[in-house]
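Both of the next two complexes hold chain A, though its partner changes from chain B to chain C.
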Partner chain A sequence: VLIWGVNFPENRLIKKSLETFYGIGNQHSTRILAQHSIFHRARVGSLPTKTITALTAELSSMTIETDLRRKLVENISRLKEMGTYRGRRHAMGYPVRGQNTRSQIMSARKLNRVERRG
Partner chain B sequence: MNPTRALLARSVWKGPNIVPLPIVRVPAGQKAPPVKTQARSATILPNFVGLVFKVHNGKIYHDVEITEDMVGHKLGEFSPTRKRFTYKQSKNK
Partner chain C sequence: MSTSTTCWKCLSRPSLLSSQLSSRIAQVTVSAPFSSTATSLAPPLIRGNNGPQKGVKGTTAIKKKNRPQQTGKPPMPGERKALRKRVVLSNTNAIEVQDLVDLNQETVDGLLKENASGEYTSPVAGKVVGLPGTTVDSLRAIESFKTSQGWGLFRRPSLLVRKEAIDLTKSLVSAAKDQITQRLIIDGARGTGKSLMLLHAQAAAFAQGWVVINIPEARELVSATSDYAPIPDTMPQLWTQPTFTSSWLEKIQKANKTQLDTLKMTKKHNLPIEVPSEISLSRFLEIGVSDTDVAWPIFQAFWDEMNAKDRPPMLLTMDSTSYVMGMTEYRDKAINFIHSHDFVITKLFMDLFSGAIKMNNGGAVIAATSRSNSPTSISMDLAIMQALQRQAGEKLTRRNPFERKYDERVDSALRDITVMELSGVSKAEARSLMEYWAASGVLRQRVDEQIVAEKWALAGNGVIGEIKRNALNMRI
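So, the complex of A and B:
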């Protein structure tokens, strides 16, 4: 079954299938299922075509996947272009939120970049 | 400057931190002189856009030109207070 261009096998839970999109987790998937009155343990194969189309329309209106990733990268590069303290910390790969840099900065080194993924 | 201050945001009901700054309104066509200030905690208001501020960092006054993106931030965010850390191995044994 094709939801928003992605194929899902029939016997998978619809909630789990929605959560495979970047930007949809527990909260958003519950809200979407409630809005379309879908049983939360329903399988993908049990949904009528009308519901599938409605879900596709819903997903295209939300910011998920590439739109969301672009938004996050834009936020960080905006900070850097303005020349703020936070932007500089992201560029250097240091903690942004005022942590001590004497030790325990491995998460910052790994995650804080200008092209930060997720 | 405490970097977490931006995230422990000021409550909205209090309004922005407005500091009386000596802003000169020049007639159209003339350039406003840069405003020298030590008030790093002053919030940037929409009527600052386009002006040039000289923000103190403890030692010198950094030139900061205000653009539209900068409106909710504080002046001190644009004037770094510490020199970048560089490791220099000294030749002394």
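So, the complex of A and C:
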């Protein structure tokens, strides 16, 4: 079954399938299922076509995947262009939130960059 | 070493003298102090299997185990569930008990005979009765038999007719005669026979030609394992469960086929689909089975039909009731949990309990609680306690004014109910049950006063589930 252009096997749980999109986790998937009156143990194959269409429309209206990643990168580059402390820290790949740099900063080195991957 | 020639353990004399024995032993031990014969004659060592080679670093890394490959054919979808839920009702290895009376219309009429002092004088009072074949088929169709009740030990399903069971039958018969709706909750500790009391009510109803509607497990209405849909234009918002209703209609139709085949549609109903007029109610329910969207409107029409003139009385039963005394796991459009009384099937039962809906041809609605693995509903517990106190003429327990977890909707639904509290069976009833077990060849002991008293006392003064567990499950 195609939801928002992505194919899902029919016997997979719809909640789990929605959570495979970047930007949808437990909270958003619960909200989407509640608004369309789908019980949380529903399988993708059990949904009628009009519900699938409604879900696709719902996903199109949300910021997920590339839109969300772009938003994240825009926020960081805005900070940098303003010349803020946080922007400089992202650019250098250092911790942003006031952590110590005397010890392990592996997460900051991996994640904090201007072209953050999300 | 002893110098005697007798072996001290087995008292046998050795063939050789001890002196000769010791010299022979001495001769054997005299040999070269160092010998390489054994090692030179042994097969050569294989070089490669001696562990890590010199100059090569051995690894102490944890080896990744591959996932175990699934060999053999996996079972078909639904097969494991079917095996788990399958109820075996007959065992040909058990002995057939010859003089077992069937629970049919005649027996039910006979059950109600009382003498002057109010004791039941029926020959089967306090004895075991068998269930006739058609009743067993109907009970199986509405899923009354549970896998944990041990039906598969005996030749045919049978029930003990307890005093409380006769009281229940009496109230059912009077409900049909006076055309009132009997509202009953069956409570009691774990193992006291609440589900079997429901089964007795259903069997008695089938014997009298009533229509029986059952919810074997109220948890299914609440645990959000089947689909749900809002009913448009209802204020406050009501919800249906289409798939559940559809399979429920199928069970009702199968169980009550003989009665429903003879009843015809008499009224006109406003249904979303075309229904031919003058069809039997049995055929009418089948339409709801095949189409889940119209299942609830069809049930509503069926209910109207059954409340028309000259229809048989209805019995509605529900087990594990405390599940429907609170919130469900379904959510509404505003992402709040939905209360169980907003779902139409539960609402039907609760309206019957509160008296908002009546059955025009008489009948009963009976709910049994479950005291093992069930959520607590303090509103329901308080309502039961107050009902028992009211029945006994005692002062009513007041609500705890500091408690926040009372549920107003449950309070208003259960304001005015009758409660049957089950406790242990009497020794005479326990004896007749154990005699039946012994006659079936399942209980391999002689049934006398001593053993009955022993089992009765061990079971907490006659809790029937414990008697069964002690006598039948633990077999040395």
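Here, the second predicted complex is superposed on the first by the 118 of 118 C-alpha atoms of A that agree within 3 Å, B and C clash if a C-alpha of one lies under 4 Å from a C-alpha of the other, contacts with A are read in each partner's own complex, and residues count from 1 in each chain.
Note that a residue touches a chain if its C-beta (ideal position, glycine included) is under 8 Å from a C-beta of that chain, and two chains touch if they have at least 3 such contacts.
These numbers were taken from a predicted model, which means no experiment stands behind them.
Within the superposed three-chain model, A:T63 lies out of touch with both chain B and chain C [touch as defined at top]. Look at A:R88: by the touch rule set out above, it reaches chain B but stays clear of chain C.
Using the contact criterion defined above for the overlaid structures, shared-chain residue A:T30 touches chain C, although it does not reach chain B. Contacts of A:T20 after superposition on the shared chain: neither chain B nor chain C is touched. Of the two partner chains placed by the overlay, neither chain B nor chain C lies in contact with A:S107.
In the superposition on chain A, A:R41 makes contact with chain C only, not with chain B.
Contact with chain B, but none with chain C, is seen for A:G98 once the two complexes are overlaid on the shared chain. Using the contact criterion defined above for the overlaid structures, shared-chain residue A:R78 touches chain B, although it does not reach chain C.
Shared contact residues on chain A (touching chain B in one structure, chain C in the other): none found. Against chain C, the residues of chain A that register as touching in their complex are 30-31, 33-35, 37-42, 46.
Across the interface of their complex, chain A is touched by residues 1-4, 6-7, 64, 67, 69-70, 73, 77-78, 80, 84 of chain B.
Across the complex, chain C meets chain A through its residues 224-230, 329-335. Across the complex, chain B is touched by residues 78, 81-86, 88-89, 92, 96-98 of chain A.
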